[in-house]
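Presented sequentially are two complexes of chain A, the first with chain B as partner and the second with chain C.
And then the complex of A and B:
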C-alpha cells in the first residue's frame, strides 16, 4: 500500500507500528492462501486489489465520503439492515475481526472462554489497528448471542458511539413485533445521525441496491453447482466477505463480471479442480477476513467447497427484501420480514436451518458437510450436535469441527479433514 | 430413607442402582458439609429432615397430590412465576441439578463447554435419577442464556412435556410486552393442564402464598446482618435451595421458626462463628442442591457468608409481587412487573445488579465479595469482570472465582479463598 495512507491512519489514531505488523501478516497470509491457488478466474483480480487496499483505498473512500457529508456506520452482524443505512445515503461497513490481535489486553476485559470472533473485534479496537471502527460515525451492536450481548456492555466503555439493537429469540408474533420496533428505532437513529428523512422512495432505492448485491451473489452461487466447480470455495468466500466492505454498486458489478467469466468456463467444462473432486458444503459460524483457516485446509486436502451455509454466505444473502411496497410502513415491514427469515442459531427452535443445509447439500451436489463451530460459540456449537445427527440419519456424511483463530491445531484439523474427504471419494 | 420408596422410584422409571449410588454420595456430602457444622440453629433440624427425604417423602407427597388431581410443574429458573402455578392449585418444583451425573452420556448431546448446571440437569434426566422431572406433568424451560435456550431444543427430544417460555433481553417497553405475552400464554397453558380457570381470587391467593415464602426469607436475611452471624451461610443457602422444593406454606412456617430462634440467639449475642469473623457476600451464578462446594470452602477457611446475591438467594426472592390488584389483568401486570425487576445477567445492560451487590455489601456489613461464576456461563462470567472492577474502585475487596461442579480444583480454590480472607482480617 502507498505511503500516502500513513497520515490517514495516523489521523484515525491507529497504532502505526502494530498496524504495519498486521498488514504484513495479512499480506503474507493472502499470498500463501489466495495467490497460491491455481486456475483462478481473472475477475478475482478485482478482489485481490480490494484486499490489497482494504485498509487503504477503501478507507480513503470512506473518509472522502465523510468529508462530503455522508455518514459511515459499522456493524458486526447481518441483522443490521443495510437497506435503512443506504436509504439515508450512508454507508454500512463490517468491522474488523477474523484474526487474533492484542489477546492479552482483550483478556483483561473479556473472559478467555469468549469466542474468537468477539475477542478479535475487541483486539482490533484495543490494538488500534482497525481503520473501519475508527472511521465509523456509529457502531451498531446487536443482542444476538450472550457473548456479543454482554461484551457490548464492555465495548460501550471503549467507544463513544455504540448503538445497541435488541433482537428476539423466538419467531413468535411478539418476536416479530420486537424486531419491527427495533428496526423503526434504528431508522430514527440513522435519520438523526445523517439528517436525512427516510421516505418511501429512498427506502426503495436502498432496498434495490442491497438486493442487487444479493442477486449477484445468488448468481455466483448458482454457478458453483457445476462440476468441475468454476471457482474455489476460498475465492467465493472472499466475495461473500468483501460483500460487507465494498461499495455495493461496484461490488455488484464486479461479482457479475466474474459470473460472466464463470459461465464461459462452465461452457468449456473448465474448473479450478478436476471434475469429480469431492464437494464440500461448509455450514456454521461466520468467517470474517482473514479467517480462511478451515477453507484453506479443505481445499488443500483434495476437496472443493461449493457452498457456505453461513452469515458470510448463503444464510446472510439468500433472502431478498420485497421491493413491492409503496409506503415507508410497507417497505419497513418488508425489511423486518426479510431479516426475520434469517435462520441464525440465536433463534429457538431453528429447524429452518437444518432444512436449508439439506437443501444446499442437494442443490450444490455436495458429497459431505463440514460443520464449522467457533469454539465457545454456544448457539452454533450446541446446534451442531443435533444437526450432525439429523444429517447422518439422512446419509449425509458430516464432520463437525470446532476451532478458533489460532494456527496451533492446523495439523490436527488437516488430518481429520483429509480422513473425511477420503471417505467421500 | 425407607425401603417403601423403592417401588415409588421404580414406578417413576428411575434407575434404582444409579439412584442408590447418588443418594449415597449426597448423604455423605451432607454429613461432611452440613452435619459437621457447629452451633447450628435447632430449627435446621427441619431442613436436615427435608434433605434426607428430598427424593423420598417429598416425592411421595407430590405423587399423592397427583393422585388427588393436582398437577406438578417442574422448572429450572426464577422467571417461571410460581404465583400462576399456585393459582391453578398446582405445585411448582425446582428440577434436579447441582452435581455431575452421567457426564459421558450428556456430552454426546451437549457440548463439553456447556455450564455444569445445564449438563447436570441433563445428567439427572439421562441417568434416570431425578424423581422430580419424572413426576412432573409439565416441564418449563425458559430462554434465559444461550446454553439453556439451545439445550432445551435437545431436551425436547428427551421428554414429552417440555414447555418453553420466551424471555426478553432488554428492559424496554417491547421487552416488557414480550414478557407479559409470555406470562399470559403460560397462564393459559397452566389452565389447560390443570383444568382450573385462574380468576382474580385464585391469583391473589397464589401471590399471597409465594410472597409469604419470600417474606420469611427476607426475615431470615435481615437477621444475618447481626455480628456474630446467627446462622451459617451454608444453612441459609440450604433454606434458599429448599425454597424451590418444599410445600410453600410449610416452608414459610419452618423458616419463620428458625427466625424466632435466631432472634433469641442475637439477643444473647450467640453466633455460629465468633464475632468479628470476616463476612463474605457471595454474588453470581445460582447454586442448586448439592452444589455446596464454594460456600463450604469459604466457611471452613475462616469466614462466614452473610448474603447470596444469586437466583438461589436475594436476587430470586427480594422482590414481592404487588397484591393490591383486584382483576386478573392487574394481578398479572403485578406478576410481570415483579419478575421484570429481577436483575439477571441475561439482561443488557444490567446496572441494577451492580447497585444491588453494593447495597447488600453495605446492608449485610460484609468485608468482601466473592463472585461465583459457573464456568462457561457467559452472561455472569462476562459481567463479572466489569463488576469486579467497579467494586474494587469503591474499595470493596473482590475475589472472582470461576469453577464447575467437579472437586478437582478444591485445593486450589481453598488456597485462593484463604488468601482473600486473610486480606480481610
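And then the complex of A and C:
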C-alpha cells in the first residue's frame, strides 16, 4: 500500500507503527497463502488488488462517501440487514475479527477463555489498527452468543456509537415477532443516523443491490460443483470475505467476471487441482479475513474445499430477499423472512443446519466434511458433536477440529487433516 | 526390493528396512534437538531402494531427501495390521501425540481421534511426572504397579499436575500411590478416545508408552479388552511407512 494513506490513517486515530506491523504480517501471509497458489483464475487479480488496498483505497472511498454526506455502519454479523442500510444510501462494512492483535490488552477486559473472534474485534479496536471501526458512524452489536452479547457491554465503554440489536433464539412466532420488531427499530435508527426516510422504493433498491451480490456468490458456488474444481476453496473463501467490505455493485461485477472465466475453465475441464482431488465441505464457525489457517492447511494437504457451510459462506448468503412487495411493511416482512431462515447455532433447536450440511455435501459432491469450531465458541462446538454423529451415521466421513487463530497447533492440525484426506482416497 | 520406513517422532526416530516382508534392519535413536541430522546419520550406509517418512518430522524429511510421506495415523494402522492381521482398534501413545484409530475388516481407517495440542495424556506427560516423582521412565510403570492404593490426580494439564503432585508429596503421600493415580488419569483419557472411535475386539497398543507395564494393565481393566503389545511397539510407524513404500 502506498504512503499516500498515512495522513488518512493518522486522522482516523490509528497507531501507525502498530498498523504498519499489521499490514506487514497481512501482506506476507497473503503472499504465502494466496499468491503461492497455482492455476488461479485471472479474475482473482481483482481480489488481490482489493486485499492490497483493504486498508487503503477502500477506506479512502468510505471517507469520500462520508464527505459527501453518506454514512458508514459497521457490523459483526449476517443478521444485520444490509438491505436497510443500503436503502438509506449508507454503506455496511464487516469489521475486522480474523487475527490475534493486542491480546494482552484484550485480556485486561475480557476473560482469557473468550473466542478468538471476539478477542480479535477488541484487539483491533484497542490496538488502534482497524480503519473500518474508526470510520464507522454506527457500530451494530447483535445479541447472538453470550460471548458477544456480554462483550458488547464492555465494548460500549470503548466506542461512542454502539447500537445493540436483540435477536431471537428460537424459530417460533414469538421469535419472528422479535426479529421484526428489532428490524423496525433498526430501520428507525438508520433513518435517524442518515436523515433519510426509507420508503418502499428505496427499500426495493437496497434489496436489489444486496440480492445481486448474493446471486453472484450463488453463481460462483454453483460452478464449484464441477470436478476438477475451477477455483480453490481459499479463493472462493476470499470472495465470501470481501463480500462484507467491498462496494457491492463493483463486487457483484467482479464475481460475475470470475464466473465467466470459470465457465470457460469448466468447458475445457481445467481446474486448480487435478480431477479426482478429494473434495471437502467446510462447516462451522465463520472465517473472517485473514483467518485462512485451516483452509490453507487443507488445500496444501492434497484436498480442495468445495463449499463453506458458514456465515462467511453459504449460511450467510443462502437465500434471496423477496423483491415482490410494494409497501414498506411488505418489504420489511420479506427482509425479516429472509434473515429468519439463517440457521445460526445460537438458535435452539437448529435442525435446519444439519439438513443444509447434508444437502451441501451431496450438491457439491464432497467426499468428507471438516467441522471447524473456534475454541470457546459454545454454540458451534456444542453442535459439532451431534453433527459429527449424525453425519457418520449416514456414512459421511467427518473430522471435527477445534482451534483458534494462533499458529502453534499447525503441525498437529496438518497431521489430522492429512490423515483424514488419506482415508477419503 | 529393499523398502525403508522412517518415523521421525518428537522423542525418538525409528528406521525399518524390509526385504519383501522380512525386517532386515531396525534402528532407533533419540530425536534430539536436530532431528534431521539424527535422521541423516541413521540412514547413512543403510541400503534401500525406496524410503517413506512418517511422524511429525516427515515434511522436513520430505524436503531434505525428496521422499514421499504418510501420516503416522495411516502408518500405524498399516504397521499394526501387518503384525496382527485381524486387529481393528489401535492405540498409539507417543511422545507428544496420542491417537486412537479404528479400521474396518479390510484394514481401511474408518475413524481416528488425536489428543489436543497440549501434552495431556501423552508420553511426555508421563515422562515429566516420573521425573517429578524421582523415577526413571523405565521404572515408572513397575513402581506404580506396586502401589498399595491409588491417589487421584485430577489435573491433566502437565503444568498443573506437576504442582498437584508436588503438593501431594508435601502432604507425605507415597510416591508409588501417586504414580498409580497418574497412570489411571492418562488411561482414562486414552479410553475416552478409544470409545469415541468405537472398539472392536482386542486393542493393539503401540508407541513408546506401550512399554510401560502399568499402562497396559490399567488399559486392560479400563476397556475390558485384550491388549496386544508387539515385541517392539515403537516401530509400528516406521514399519507401516516401509510397507507403504513398497506399494
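One rule holds for everything that comes next: the second predicted complex is superposed on the first by the 425 of 425 C-alpha atoms of A that agree within 3 Å, B and C clash if a C-alpha of one lies under 4 Å from a C-alpha of the other, contacts with A are read in each partner's own complex, and residues count from 1 in each chain.
Everything that follows uses one rule, which is that a contact is a pair of C-beta atoms (placed from the backbone, for glycine too) under 8 Å apart; a residue touches a chain by one contact, two chains touch by 3 or more.
Nothing here was measured: the structure is a model prediction, and the numbers come from that model.
By the touch criterion stated above, A:225 is placed in contact with neither chain B nor chain C. When the shared chain is aligned, chain B comes close enough to touch A:166, but chain C does not. Residue contacts after overlaying the shared chain place A:423 against chain C, while chain B stays out of touching range.
Within the superposed three-chain model, A:175 lies in touch with chain B and out of touch with chain C [touch as defined at top].
Judged by the touch definition given at the top, the superposed model places A:408 against chain C, while chain B stays out of reach. Between chain B and chain C, more residues of chain A are touched by B. In the superposed model, A:349 makes contact with chain B only, not with chain C.
When the shared chain is aligned, no partner comes close enough to touch A:6: not chain B, not chain C. In the superposition on chain A, A:143 makes contact with chain B only, while chain C stays out of contact range.
On chain A, the surface touched by chain B in one complex and the surface touched by chain C in the other have residues 402 in common. If you check the complex, the residues on chain A that touch chain C are 392, 402, 408-409, 411-412, 414-416, 418-419, 422-423. Within the complex formed with chain A, the chain B residues making contact are 108-111, 113-114, 143, 145-147, 149-154, 156-157, 164, 166-170, 172-175, 177-178, 181-182, 345-346, 348-350, 375-376, 378-379, 381-386, 402. Interface of chain C with chain A (complex): residues 56, 59, 70-74, 97, 108-112, 114, 116-117.
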